[in-house]
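Structures given as structure tokens follow.
Okay, so chain A shows up in both of these, paired with chain B first and chain C after.
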Partner chain A sequence: MTALTKAGIGGLLARQGILVAFVVFMIVFAIANPRFIDIDNVSGVIRSSAILGVMALGVTFVVIGGNLDLSVGSMMSFSTIVVLDLHDTLGPTLAIPAMFALTLCLGAFIGFLVGYLRLNSLIVTLGMLSAIHGLTLMWSGGQNMDIADKWGTWFGFFGRGSIAGVPVPILMFALAAVVLSLVLSKTPFGRKVYAVGGNGTAATFSGVPRARVVFMTYIISAACVATAGLMQASRSLGSQNTVGQGMELEVLAAVILGGASLLGGSGTIFKTVIGVLILGFIQNGLLLIGLEFYVQYVVTWVIIILAVWLDVAAKRSRLWSPIA
Partner chain B sequence: MSQSTPQPIASPVEADTPPRKSRSALFVQGAIWGFVVLELIFFSVAGRFLSVSDTAFLDLDNMLLLLKQSAPIGIIALGMTIIMINGNIDLSVGATFALSAIVLLDSMTWPFMAAMGDWAIPLAWLFALGTGVVLGAINGLIVWKTGVDAFIVTLGSMLGYRGLVFMYNGEQPTSHLNWTLVDFAEAQFLGLHTATWFLLGTVLVLWLVMTRTVHGRNAYAIGNNREAAVNAGIRVGPHFLINFMLIGFLAALSAVVFYSESGSVNPNDGMLYELWAITAVVLGGTKLSGGYGSIISTLGGVIAIQLLRKGLGYIGADTETVNLVIGLILIAVLFLDRQLNRKGSEELKI
Partner chain C sequence: MTQPVLRLEGIVKTFPGVRALDGVDLEVRPGEVHALMGENGAGKSTLMKVLGGILQPNEGRIYIAEQPTVMTSPIEAKGKGVVFIHQELSLADELTVAENIFLGELPRKSFGRVDWARLYAETDAILSQLRVRFDARTRVGDLSIANQQMVEIARALTVDPRAVIFDEPTASLTDAEKSVLFDVIADLQKKGVGIIYISHRMEEIFRITDRISVLRDGSYRGTLVTKDTSEDEVTQLMIGRSLDLSRNASHHELGEVALEVRGLSCGHLYRDVSFNVRKGEVLGFYGLVGAGRTEIAETLFGLRTPDAGTIRIDGKEARITSPIDAIRQGIGLVPEDRKGQGLVLGMNCRDNMTLPQVDGLTSGPFVSDGAEIEIFDRYKDKLDIRTPSWRQTVGNLSGGNQQKIVIGKWLSMRPEVLIVDEPTRGIDVGSKSEIHNLIRDLAAQGYAVIVISSEMPEVLHVSDRIVAMYSGKVMREFTSEEVTEDSLIQAISGIVPDRAA
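== the complex of A and B ==
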């Protein structure tokens, strides 16, 4: 009997472990401090997680396709700086599409290198992390970028506005999540992403255009980064060159926390959203019980290791690794 | 699992490292030094026309300074080489670096240490290096015992260790200047700075470890083909653990070298060091997939990057361009390496 329930609980934890952990976590913190599940607090947390969240959605595609993207942080700095600069020269209506076009060009370049030239994605995006940071600095001349007339522009809508009481960043995050979730789970393209990440050679033999699929995952990632950059720029209406620095690894942490395997072929948009929310609520919950913001790093560390460990342990059906 | 394994094991390394120095392998090993020479020539010539400074680029003091400045990232990159040869990666070195630095500086202010005068210095070094070893051991044990990929484990501990750095002293910088220590760090022996000696010493020791010891050969074997290594009776776990402790130690050593002189550490110090170190290692030709790479080539990679930084500054390029150039060179090296090492059994191309 115990074996049965153990297997049942183990199976549930393996499949929906992260969701279970999330619910338990929320309940514990809600009991510790009722303000935690206050509607204002919840909406505040989601709003501040939205930028990281949108980036994580794109990286989910890349990771499911069996690659990595370490360049999203500096690419986000790039799009933020570019859109702020173009806002004053071209006006907001032209600045936004121009910024999207430039960011997509960067994504296409990475996609070409990884997809068509078949170069190692870790090193390519590591190189692009540095290169795009250089581009950003050259664009801005090392200066902070500010919008001249902060009160006379509608540009702040994407980061500060709200529709029917719901902040726009939350709406954009939700919209992006729904659309990308449909793309991933309901379209032929989505299935091809899983196929390429799961077993690239088999996918090739089945007639899946591997190079093009990988290329497209980077395009999607770049589009998400551009959206995140737009939200960031619009929220602050001014920015440093290093606004996205270090975010690449936080984004990856959220994606991994959601249960996507770095080997590719597994993960969902829904789980990534849960991963993002967990990171956001951990930070908020720890602040609310009076701890400093950096305690969340340690907690995140423990949670990531535990989450991935339980995942691999369930797959090999033994807790400790067989490594001698 | 296999006690019956006969004693003399034809480990896969034997067939793999020394004899298989094919033309392309030699080319790749030497390529980074060729690149270094090329950079020297380019910046010396270009500097004639473009430089604002009077001194030549190949000035001895300039080169000695360059070696000294290479030391902090260089020592970490050397450790990263071993980790990568072993088929792992370590993203937490930057945080380990910062935490060891804090321990180094803060421990000297503890009352019993302050009472010891200058004898506190070796003890503070010991504490800092011990911190690095412990942090590395935590990574190594988790990788070994849980079987979670090193990339994820160290991505997690990169955050976790950084959290510890902040918890130690909040967001305040930790400072302590000990003039004996500063004098030591700024000293020159036989013309080379203290930091340079540490760098060269590390190169020598690690080169001996990787080419002359069982541990080194096993590390290559494990990275090359883990399953074959296990079948050959090599215990993979302990080697992982030792290598992670080694890189923890080296990250701490790098902190000791750097902060003995500067005497103040910010909680954000060392961020992105992991990425710089990996860049240097990859430039040196070490494969991410493991089983291949050399300590000496990594030294070349470190020097090449530092030359590029200094050289671009010397010919008056903005510091911004350095990032762009290094990034593009990294990708170009990856591309060239792939083209030159393409074998017949390449995966099919679409």
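== the complex of A and C ==
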């Protein structure tokens, strides 16, 4: 009987461990500093997590498909710089689709290399991290990019606007999460992503076009990056070339924290959203208790290691238990 | 009476909610080959993990040479002379044979330098006992699987073993290689080493073992003396009933030719292969590993491109360049490597079964849960798949039920031709006969079925006709009336039959 109860709690922890940890963390910090759960603070955290969050949604597809995407940070810088530059030359209405098209080309290129040529995704996207950074600098000439007339454009809507009191970035993050969650969990394509990431050979033996599925995961990732770039550019209306630098690791941390396996084949959009929020609230909480901003970098790394360790430990304990 | 080298007494191992071992006894005498048998999930692996120090028992004791012993790690087990030879090889491909054998305990000279001369000399001494044809300096990755297994055995011989445990050692060996292995086992026997031999293969068990202990559902069912028992008795002890392996040709009318292959060739893999299968017929492909059978199946399924030849499905010439083409034209393949090629182990039963047709099971943009569950339930009943729910992760099912999921995957596509490669590899005896009956049933329902197998009793049992292959060529085709075991063995060994006889 005790054994069964233990298995029940253990099972809950293994399945929803991250969620439980999140709730415990929120309670502890809320007691330490009541401002932490103040509605303005919560809304602020979600809003500032939205850009990272949208990127993490796309990377979730890539990771479930069994690959990595380390290029999203510098790709986001690229999107931001490009859309800001085109804003003043083409006008916002054309700048946005043009920026999406260019970003999707980058995603297609990566998807081609990883999906069709079967190159290692770590190497490809690590290389693209650097290459895209180069493209961004070439585009901008190394200068910061600013919109000339910041007050005379509607472009700030995506980063600064709000609808019925809810900030637009939060709405976009929520909308993207709902749509992509449906794609991943309900469509035939989503099913194939899980199959390809879970066992690519078996997927091929079941007639799943593996290369095309991997290609599409990178397209989705790029579309999310473009959306994030739009939000970023719209919020700041001006930007440095390095605005997305380092975000690839935070994004990956959020995805893993949510419980997607780096080996592919598991994870959900909902879990990734939880991962994003945990990361956002932890960083916010650390600021509120008076730690310096720089501590975040160290803490993010510690969280990644903890999450991976929890994941691996849970798997190992499952491996040793018999198959019932 | 000599004292046993190894004795397990009343071993109990529980996991949350499950009693995996329920008071198991096992005794191995010096110079004895002791078979450990049981269906998959009967507790053999758990028992061996307890013996090897990987798992700690909740109750019971282990005696080595009648000394009570606590095993806390595999290294300790090895130190006490209990050595395991695993089914799955654990060798480093890039290292030499010698380095693999002495991995972690390389002989040293001063300043920690490796004493290569001594390493190679000691390795060659061990290899000569095994009568193998490679030397200490060979890179392990260059060896065949069988020879790699010999390296694994050589590793066991570096300590003076008291007891050696062989876990399904012949799974990937040819007959010639098997007999070398059996010689090695006989040598160990002469030295007074006790041997535990785990296998599903009855013929081997009866050829080399002295006693047989049987486990069922984690409990000890008894020990039989091999020469005083029969396959039937062992099977009954294992599954609680006996198994039918008689010949079994179709009694129903055969339909039209479903698949016709003419002059198919693919590089050095196979040449000029021709055969056909009719609806309602089971065509067996028999031959040694490497004879080209699996490669033909892969070609029919669009995974390989042939150099020459034609494939006709239902009389129409078919061009197949990818599995998607093959599936569209009515070919289903149950591959030989169930876990690697057949299933996405982390996915649930239903999703695995409907994977090839998931594009067609939609309402609007979304997969229709209802349509999927309907397919799953239909084939769950039809194939008698035992799982609590479609939500169950496939990796948690037994081998037999996993195989039924793969078969159901293709049946639900209503294929013209179903190819089943090694239908019962790694499947326990009880489920084997279920799979065999299932294949016969499919033929009776009018499916054209191709069965590829390396087990002669299986081919003889399920096939209406048998194609015998040797080294990429079709040697001969037999009907189930004319085939004999001798002529079949001759054909797959490349001996041209004497027509006059």
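By our rule, the second predicted complex is superposed on the first by the 307 of 324 C-alpha atoms of A that agree within 3 Å, B and C clash if a C-alpha of one lies under 4 Å from a C-alpha of the other, contacts with A are read in each partner's own complex, and residues count from 1 in each chain.
One rule holds for everything that comes next: contacts are C-beta pairs under 8 Å (C-beta built on N, C-alpha and C of every residue); 3 or more make two chains touch, one makes a residue touch a chain.
All values reported here derive from a predicted model rather than from experimental measurement.
Asks: Have a look at where A:P209 lands relative to chain B and chain C in the superposition and call it first, second, both or neither.
Replies: Both: A:P209 reaches chain B and chain C.
Asks: Give the label of whichever partner, chain B or chain C, reaches more residues of chain A.
Replies: B
Asks: Under the stated touch criterion, which partner chain does A:T201 make contact with: chain B (first), chain C (second), both, or neither?
Replies: After superposing on A, A:T201 lies in contact with both chain B and chain C.
Asks: Using the touch definition from the top, say if A:E292 reaches chain B (first), chain C (second), both or neither.
Replies: first
Asks: On the A-aligned overlay, A:R35 touches which partner chain: chain B = first, chain C = second, or both, or neither?
Replies: After superposition on chain A, A:R35 lies in contact with neither partner.
Asks: Quick one: classify A:G265 as touching chain B (first), chain C (second), both or neither.
Replies: In the superposed model, A:G265 contacts chain C only, not chain B.
Asks: Give one of first, second, both or neither to describe whether A:K186 is in contact with chain B, with chain C, with both, or with none.
Replies: second
Asks: Scan A:H133 for contacts with chain B and chain C and give back first, second, both or neither.
Replies: first
Asks: Output check: A:K150 vs chain B and chain C. Expected answer is one of first, second, both, neither. What do you get?
Replies: neither
Asks: Residues of chain A that sit at the chain B interface in one complex and at the chain C interface in the other, please.
Replies: Correct list for chain A: 201, 204, 209, 320-324.
Asks: Quick check: in the complex, which residue numbers of chain A touch chain B?
Replies: Touching chain B: residues 70, 113, 117-120, 122-124, 126-135, 137-138, 142, 201, 204, 209-211, 245-246, 249-250, 252-253, 256, 262, 292, 294-302, 304-305, 308-309, 312-313, 316, 320-324 of chain A.
Asks: Using the touch definition from the top, list the residues of chain B that touch chain A in their complex.
Replies: Going through chain B, the ones touching chain A are 1, 91, 142, 144-149, 151-153, 155-164, 166-167, 170, 230, 235-237, 240, 271-272, 275, 278-279, 282, 288, 318-331, 334-335, 338, 347-350.
Asks: Considering the complex alone, what residue numbers of chain C touch chain A?
Replies: Interface residues on the chain C side: 14-18, 20, 41, 46, 55, 301, 303, 323-324, 326-327, 333, 335, 340-347, 351, 355-356, 358-359, 361-362, 365-367, 395-398, 409.
Asks: State the interface residues of chain A toward chain C in the complex, per the touch definition above.
Replies: Interface residues on chain A, with respect to chain C: 3-4, 6-7, 10, 182, 186-188, 191-192, 194-195, 198-199, 201-209, 265-266, 320-324.
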